Every structure is written in structure tokens, then in C-alpha cells.
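As C-alpha cells, here come the structures.
Two complexes come next, and they have one chain in common, subunit A, joined by subunit B in the first and subunit C in the second.
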Partner chain A sequence: MTMPILPPEDLSNKAISARITTNAIKSIKNGLIKKKNLVYLELNGCSGNIISLLNGQNPDFEYTFKSMVDIQYSNSLMVAEGEKAIEKLMKALEGEYILAVEGAVALKNNGLYNIIGSWKGKPLTGLEAVKMLGEKASHILAVGACATHGGVSAAKPNPSESVGLNKVLPHKKIIMLPGCPVHPDWFLGTLAHLLLYGEPETDSLNRPLMFYSTLIHDRCPRRPFFDRGIFAEKLSDKTCLFKLGCRGPVTRTDCPTRQWNGHVNWPIGDDTPCIGCAQFGFPDAMAPFISFDTTRVVKNE
Partner chain B sequence: MNKRIVINPLTRISGFLEIDVRIENKRVVDAKTKGNLFRGFEQMLVGRSPFDAVYFTQRICGICSAAHSMASSLALEDALKIEPLEQGRYLRDIIHSCEFLQNHIRHFYQYTVPDFVKMDQNTLLQTDHTDFRLPKAINDRIAQHYFDSLAISRSAHQMLAVLGGKAPHNHGVFIGGITTKATAEKVVHIDSLLQKIALFIDEKMIPDVYDIAKYYPEYFQLGGGYGNLLSYGSFHNYKELGTLYTNPLVLTKKGIEVFDEKNIEEKIDYSYYQAPANKDQQNKAVPEPDMDKEKAYSWVKAPRYNGLPFEVGPLARLILSGTYPNRISAMDRTIARALEAKKIAEIMKILLKQIIPGVELQQKYELPSSAFGRGLVDTTRGALGHWLEIKDKKISFYQIITPSTWDFSTRDENGYRGVAEEALIGTPIVNPEQPVEIGRILRSFDPCMSCATHVYSPGKQVKTIQVF
Partner chain C sequence: MQNIEMLRWQLNSLVTQVRQDIYTLSTVPQQPIAPQILQRLWDTTSTIHFISELLANQALHCYQPIPVNSRMIPVNNSPSNSTQISPITPIPNQSNSQLNGRNFTIGELATFDGKNGRPAYVAVNSTVYDVTNNRAWAAATHFGLLAGKEYSQEFATCHAGQQSILATLPVVGRLVS
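For the complex of A and B:
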């Protein structure tokens, strides 16, 4: 009897990361992975990454928090409030934990532009908290554009003097998950990899290759229009959005194949240009987001 | 007995909020709500392309980003003198409705329910008080709905992405309505998800909120406040459909009047900003930040209408639209949010029925060299306004007054407290070591401090402009 011939394994980034997540889930179920503690710190930002994480589908939030990690702290979700909440943050310091941070670190007035709570009657700034927690964390994840490089919170003229995590923890390895917001799979897939195999393979800017290896432009379904020079002149056109300011040619994510919100759509699928929200330098380096006349002479920009 | 209670952070909200109350004889006699986050969006926007405001301002808030895309698109349409097609309005309002559903379901189950329902005792859901009164069967049912609701609120964002590209921070809402054309597939995709969401609201969310209300009846007497209500209008004034929800109205002790935006001003007596007149009216220069200012205690300013503080949000809309008795309390606010979710799902069904596939809504837009625009719209938490000025085809001025700025304002020189501050006055605190009443009342407003505290723009860069 001959062995059946199996179809070749799908080697797209999406399939690889799906396999990793599925394996991680299996391993946790079989007791191969020990649940770890997670401290989820929100700093100067819009708290949109935690909302994006609630949009996670497989794994979803219930699975993540019941089977993957014990969340020690989250301003948006934890039931405790006031100093009793901060007490849990301080207690987490005593054990081993993964630190995930969303939002930028505001430096102005010694961090007082972003107070995350009070401890023993004194204000606790985001700056103090991230330095303290960053030093002892087993792994650090910068979640979303504000945490990876300052993002919108640091947009010029940057009134709060916001910076990315690496500026206040210069000697620590920080896994970078840029995006505005982060895609839930990018965060949860990276977390699964940490639990199952340790640190994922990253590029020179510390982005996990399984999500951030390939330019949007290289896998864009509208690439044939680009190659033939057929360009959209307005939003809603179904051709290449390059001349409206699309940042797909400089942005490395798997949006074209993964898509968003249960894989139903993505910005280019909505007939709008990619604005490079997952590229370092967003938003200032990616502005203007939409231009109807890209043939103009650019002065002083 | 006198005691000061500080809760910082007030968790289970969007952003950072500190509350500082003074109690005498176990009753709140003074209260200050403090916004503890500052980024400065109004200053960041100066010099940018006006088109970028739609995507940029969404980053003010992760839970209500579509709201800001609505207000900035309206402001740009006003500035560019573009009237969207009704089809564009319908589609844009459908996107906005998805956000209402996402927000209200998450706010109720993830933020409000743990105040009244005893959850699993792992670290994240561990409670710090003992006032849980629901019978075990009801408690366990609602605790299970905390998790069941996750798939429902997620699918509300999925509906949003079908027309908006992604959520949070959608790409779809824009000048002219939305950026893409409707198709039968998109309409039926949304309708299919909407049916499940509507069923969840009817069969779980609304019964759950009434069960909570039954066992915590004193919250119908707590958290009242001034009783001044305001709405910029919500799903109103369609050419053929008329008003599906609320017209722009205000309610005071004198009765209901038509809203007039000339009566809005923003005060900064107790906010971390300096300006000569200590108030920030739309046609005046905008003040500079100053954390050392005497008396100041928050990044949130104090908008007033005819000099009075006003409450905005779902309860205000339900009362102004005549669909809820004029009864203002913490529990009424929470019930209103659930009832409004049902109302919004019904409005969405009506709007979906009007959609004609394939209608072109977009064109190549030209920027005027100078213009002024304003976009006022009621969003999940209440009245949201964006005001902008264009000079040399760039943004030269941008001002935002968010719903949480109305509800969580600081006090003013006339002695009026902010709406949420006033709502706390007189509240009995049963156990000062576990002041659970304060968080329950404040969360009934659904505070979004990411939104409330984004503001400022230094006077020296802003030319005097005439807004109204």
C-alpha cells in the first residue's frame, strides 16, 4: 500500500503564524506550557491596543486570560481600583512576568503629563512605572506605534515630550509590535511564541518576522495595477492607490493576507491608501496620509 | 468624621482618571475629578493636511475612534462646502452605529458589570469590596455573559470593518460619506451579524441590566446632578427618513429648548492652562499648558452652555427624544445605555434597508486656500464637536470638545462643579474603606479620559478667528 500524497504545507506567513498559535494552544492544553504572569501597562496613548486585543478571535480574550497568561494589571480591564490596583502592580514585581506596554512614555515635567495611579499617596507616573517594571521583566513587548517609537502621542511638536519604550529602557531587548493599533494576532501570536518557544525570530529592528517580514506592496492584490501604471484618482477607485499616497511600498506587515477584524477587510480593501500605521515614523514620516495631487513640487515638508 | 478618599486610577474606563472626594458624616461633601493624561492633539494638528484630520483625530481614543472620524469629516464638509449624498450619510451613520454597539456592550459588560457582579477570583477580576447582592444563579449568569459578550462586541467591530476597512481607527468614514461603494454582499454581511447582536441585546443585555437594578435600587437615587441635558442631535434630519432618534435639544429646569451652538464656551479656571481671560472661547486665542497654576487640578477644561454645566450621553438622548422618563441617576444612566443599544440596532436596520449598492460617493477634492468648518455630532458618550480653520491649504486651528469634557469638566469661577463631580455630592459612603459607590456612579457616565484630556493649543500660534 502506498502512502497518500499530502498537499504541500502552506508556507505563507499567515499559515505559519496560525500553526504556531494552534501549537501553543495545544501545548497549553496538554500542560506543556506554564501560564505566565502578564503585566499590561497603558501609558500615554488612546488605549486602542487593548480594544484591538479584545477583538482577538482565535485565541480570543477569554482563552488568552484563562489559558495563556495570568493578567496581573490592566487599567482598562481590572476590577480593583485605586491603590489596591497599584498594589497588584507592585506585587507582580516580586515574581516573574512578561511586560506588555501600550502608549508612549511622556517625559515632560518628569513624567507628570501621564500619571497612571497613586502609590502611598504619591502620583505614580508612566515613566516611573515603565522603568521599574522594565528592569525586572522576563520579556518586554512594545504594543502599538506609541510604544514602539512614540507614534501619534509623539507627533510634532510633541507637547508631552513622548518617546518610545526603548528610549527609557535603552539596554533592554524589546520586541517591537508596531501598528496603530496592533493587530490582535500580532500580539497574541508573539505571546504564544514566547510561551511555547521563547523569543520569536526578529528583524534588525526587533519586529517578529512571522508578521512583519514582507512589504504590503509585495503582496498587494492591486499590485498588477501598479505594474501596468493604472492608478486611482480618488478614494473608492478599485485600482492602485499609490498616487493617493499609499504607504504600502514602505510598510512591512501581513495586512494583505491576514486582513482585519476576523479577516473581513483592510484599508486598501476599503479603497483607501495604507497610511503606514505599522511603520516606524508613523504618523509624521507617513504624512500626508491622503493626497489628491502627488505630482506637486514638495516644499518644506 | 471627616475623611479624604482618593481613587487613582479609577480603572475600567478608557484613559486615566483620578477622583478626590471629601466625606463628612459618611456623605460626600466635595469632589474633584482629575484627568491625568495629556498629549496635545489640537497643537499637533496645526500645519497638517486638512484631509489627514479624519484619520489623525481618531487616534485620540481607541474605544470611540469612529466618533472623531465623524466629527472631523463633518467639519471638513462644512469647510469644503460639500454636501454628501443621503446614501453617503446612511453608510457613514451605519459605521457610527457599529461603534455605538461595540462601545455600549463593552462598557456594560467589561467595565460596569464587575461593580455589581462577583467575578472569578483570578488577579485581573479580583474585587476589592464585598457589596455583592445578586442571588447566585443570577450572578453566575451575568458573569458568564461577561465572556459571552466578547464575541458580540467583537462582531460589532467586524460589522464596522466591513464598511470601514478596520477597527479601531477605521478608514471608511470620510468627506462625502464613506470611501467605498456598498454592495449586496456587504449589506447582508452586516445584517447577518446585526441580527445576532440585536438578539443578544434583547435576550441578555437588557434583562441583565434590569436584574442589577432590582438588587441595587438605591442607585436610582444616587448620582443625579444638575439635571441639565444636551444633545447635538443623533441620527436626525434625514431628507426622507426625518429624525430617527434625537434632535439637537437642551433641557434645563426651564424646559426643553432648541440647541444653539453660540451658547457654548470653555472655561479653564481650574484646568492646567494659562490664558489672559482664563476662558477658552472659540473666537479667542487658545491657552498654554501650565501644571503649576494655582487652584488647577486637571487637564480637562470646563465647557458650559449659557454658563451652565450640561450632562451628555445616552440618558440625555433618551430623555430629550421623549422615550425615557426625566429621571436622572447612576442606575438610569446604565439602563439608558442598554436601551440605547437596542435603539441603535433598530436604527441600523432601517438604514440598511435604504442602501442602494454601487453609488459613487467620492470625488477628487480641492482644498480652499482658507476656510472654516465645524462638525457637531452626538456620539456614544454624547455631544462631540470639532472646529477647524484652513489657511494656505493647511490646518491653522483645530479645537475639539468631547462628551467626556462635558461630563468630567472641572469647576468654574461661578462655583459650578463639573457634572460628574456634582453627581457625587451627598452620596452616602457606607464603608469608607471600600468606597464602591464612587466608582459605580462615575462609571455610569462611561468616562473616556483619553478623549477628555487631549486638548490645548498655544496662543501664539493661533490667529484670532471668528467661529460663530
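For the complex of A and C:
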């Protein structure tokens, strides 16, 4: 039996995702849902997303990887190395699995700019691996800015010719989890939803609505200052950060309510503008991250 | 001090308003009026938040008065600086009648780059628009574009079929060659 939720039902994203994850954990315990296999590929990126996942709570990272899924491959976490590790990756192909990918796909020189291991004495490129695993995966999660749209790896001048996952798997449905890095809840919550209910509802860009539905600007505690035209001139000001270059008005995430690092704070809460890390085209399209020359009036500039 | 009394009174009546709205929502949950009430709740809480921030700031700065209820904060209204055009605050339907007819050369347009307190203008199809306080143009930049330039091509490729965007922007003049 599930606990009744007394009115008024808490509809904050945090409460909703907490309900989803506790339900998922319960259903696994009762044998109602099966653990699924998970393959976590790291391609051309900085491993920032898997590090961000270590901040996860309810469920935490350890619980997720031990009790919710059977992790088949993760080059950062597994004990096996070299060809032994790639052997596990190849074995995973035989069964059903969810594929999570962080990092961009480097296309230059047929993928040679990103080699993730070697198989039968030959280098295995990220490009080959993701095509092979993507074709057979039951679900694909693109985790972080690089996997969703190229991100920092594809920033100008993009020497490795990096692209997002959808460019190499054009016919597959890919759940997009942009962010640099991804918030642990966005990944763990989406994974929990997959296990318990199947694919979450997404927007036209395939982002789960439960995390990416609302503009930061529409839920920003500093919005009243924006509406009155009262703008910060420097970083410590407590008013709207728009003139310093805030990208909250073009970025859709739940940062204002969810917050980061164990839900304690977020950029705008700490007086620094949103840099739009979860907007497609980040970082180039969101630059410059900070401008002090808009409000400051200097004579004889 | 009188000012603070007034803010306090305003806060209390706003809180009463919120309570009333929440009560109404709880009694008639599925009424078509719910979205309006929710909108009013949102606005009221925003105002409460704003006033409490204002009070806190005043307390911190030993009652340095900040103008209350100022729908428009003039940035530069000193006569010595009369060549400067005050940035437009984000209030819709503001009239720009004096400026509406102004002609800009591409060189003149370039000076409205949003820097140093100047307004930010962009031109699309020979019309010059004010994006100074448009939410999508923070710090006078937008997806890699800088204010003060002509962007007919970019608008056509990035916002095809979104003429409504232009219709909502304040017009400040025309681009002439």
C-alpha cells in the first residue's frame, strides 16, 4: 500500500521526484520491477557528469548502481581494465540494456580523436562504440551538454569535430538531459522513471518535462526586480542579474527550486548570473558569461 | 519611518489577500477561475517578496530610501547628460513616439550596442527594434549575436515563422543606407 498524500499535495519538483524514487525503490524491493542492465559510456568530455552523480541523494549514487540497475560497463567505476573491460562492454550487447552516454561523439578522422579502449588489438573509437550500442539499446539517455548537443567539446573551433549523440543515431529516440554538468536528480530521476513507469513525458527537444519544463526566469526569486527594472551592477548585488548577462530568461530547468550540491544553493542564489549551461548551444551561444560594461557609465571610454 | 509603516501595512494586506485566495482555491478547486487566482497569488507573492527584500535592504543600509513602487527607474535624467536616452524598462506598451520616426545609418546603429549605459538596438528588415530590456537579450547579447547590428538574415534562419517576436518589440526607427 502506498502512503496517501494528504492535501494540499506538494507539487514541487523536488517532492514529485522524491515520490517517484521512493516508489521505485519500494517496487524493486517487492519484486514488482526488475533491475535493468545499464551501460554508461564516457566519450569526448570531462567526466563531469559522473562526478556530479556522486552528489545524488534519494536515491544516492551507490544505491542506484547497486540496487536499481545492473551496471554492465562504466570506465570510471569498473574494476576491469584494458581489453577485459571492453570484453564486458561487448558482452552487454548480447542482452537488453539502457544506454547512458556522457561526452560528445568526435567525428574527425573517423572518430580517432576519441578512443575509449582497444578490442582484439585494434583501437575502439567512441564513434564506433556509440553506434554499435545505440542501435541495440532499449532506451538511450544523453547525459550532459556534450552528449546532448556537443557542448564544450564542440565549442569553437571544435578541433575534434564533436557532435551530440543525435547526429550519429538520427533514427533513435534519445532522452536529452542537457546541463554542464547534469544535476544528479535529472539523471537519477529519469532513470528511476524509466524503471518504474517507462519513458517520462518530454518536450519537443526530448527533455523530460518533470525537470526541464519551466524557464528559470519564471521561477526566479529575483523576478520582481526584473519586472521593475532594478538591475545588479556587480556580482554581490541582490537584485536582478540581467544586465550582467543572466541566461535564466532563455534556460529551462528547475534550478530555482531544486538547487545544487545537496539542494543547498544555486548560481543566482549566490549572486552570480545563470550561464545557461542547460541551453542547447552552450557554451558559445551563451557567451559572454559576464559583462560589466552594460550598466557602468564611464565618461571618455 | 513613515515609509516603513506604509510598507508594513502593504505587506499585511497582501498576506491577507494571499490567505483569501488560498481559501477560495480550496473551496472551489476545479473552477475555471483557478488559473486567474493562481496568477494573482503568484503576483502577490512576488510583490511580498519584493517589499520584504526592500525592507531588509533598508534595514541593512540604515534606512537609505529606495524609491518604492517606481514602475520606471530613470537611469540618467540629469540635464547635463541630455543626449543619453534612458533605457526602456520592461513595461509593455511604452510609447516611443518621439523616436518612432528616427532614421539610423548602419554606423549610427552600431553605437546602440547596449554598453556603457546605452540602449541596445537591432535591425531586422530595415526596422530598428529596442532589445535593451528584452529578456532574451541579457547584456545586449543573444545566442552569439551582439546588439547594434543588422540581423535580417539571422532572424530569418533562427526564427522562421516567428514574426510575432518582432511584433512585440518596441520599434525605434528605420535603417537607411
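The rule we apply is simple: the second predicted complex is superposed on the first by the 287 of 301 C-alpha atoms of A that agree within 3 Å, B and C clash if a C-alpha of one lies under 4 Å from a C-alpha of the other, contacts with A are read in each partner's own complex, and residues count from 1 in each chain.
Note that in this section contacts are C-beta pairs under 8 Å (C-beta built on N, C-alpha and C of every residue); 3 or more make two chains touch, one makes a residue touch a chain.
Since this is a predicted model, take the numbers as computed values, not measurements.
Enquirer: Now for A:Pro159: first (subunit B), second (subunit C), both, or neither, which partner does it touch?
Expert: Only subunit B is touched by A:Pro159; subunit C is not.
Enquirer: Count the residues of subunit A touched by subunit B and by subunit C, then name the partner with the higher count.
Expert: B
Enquirer: After the superposition on A, what does A:Gly82 contact: first (subunit B), second (subunit C), both or neither?
Expert: Only subunit B is touched by A:Gly82; subunit C is not.
Enquirer: Scan A:Glu9 for contacts with subunit B and subunit C and give back first, second, both or neither.
Expert: neither
Enquirer: What is the contact status of A:Pro249 with respect to subunit B (first) and subunit C (second): first, second, both, or neither?
Expert: Touch partner of A:Pro249: subunit C, not subunit B.
Enquirer: Does the superposition put A:Phe225 against subunit B (first), subunit C (second), both, or neither?
Expert: second
Enquirer: Kindly classify A:Glu94 by the partners it touches after superposition: subunit B alone (first), subunit C alone (second), both, or neither?
Expert: neither
Enquirer: In the superposed arrangement, which partner chain does A:Ser291 touch: subunit B (first), subunit C (second), both, or neither?
Expert: After superposition on chain A, A:Ser291 lies in contact with both partners, subunit B and subunit C.
Enquirer: Could you pull out which residues of subunit A sit against subunit B in one structure and against subunit C in the other?
Expert: 287-288, 290-291
Enquirer: Quick check on the complex: what are the subunit A residues that touch subunit B?
Expert: Contact set of subunit A toward subunit B: 44-52, 54-57, 60-62, 65, 70-72, 74-86, 88, 106, 109, 112-118, 121, 123, 151-153, 155-160, 162, 180-181, 233-237, 260-262, 264-267, 269-272, 275, 277, 283, 287-292.
Enquirer: If we count contacts the way the header does, which residues on subunit A are in touch with subunit C in the complex?
Expert: Subunit A residues touching subunit C: 8, 217, 221, 223-230, 238, 242-247, 249-250, 273, 281, 284-288, 290-291, 293-298, 301.
Enquirer: Can you list the residues on subunit B that touch subunit A in the complex?
Expert: Those residues of subunit B that touch subunit A are 6-16, 18, 36-40, 43-44, 48-49, 51-52, 55-56, 59-63, 65, 106, 110, 114, 119, 122-128, 147, 150-151, 153-155, 157-158, 160-172, 174, 179-181, 189, 289, 291, 360-366, 439, 450, 456.
Enquirer: Going by the contact rule at the top, pick out the subunit C residues touching subunit A in the complex.
Expert: Of all residues in subunit C, those touching subunit A are 26, 46-47, 49-50, 53, 57, 70-73, 76, 87, 89-91, 114-117, 133, 135-136, 138-141, 143-144.
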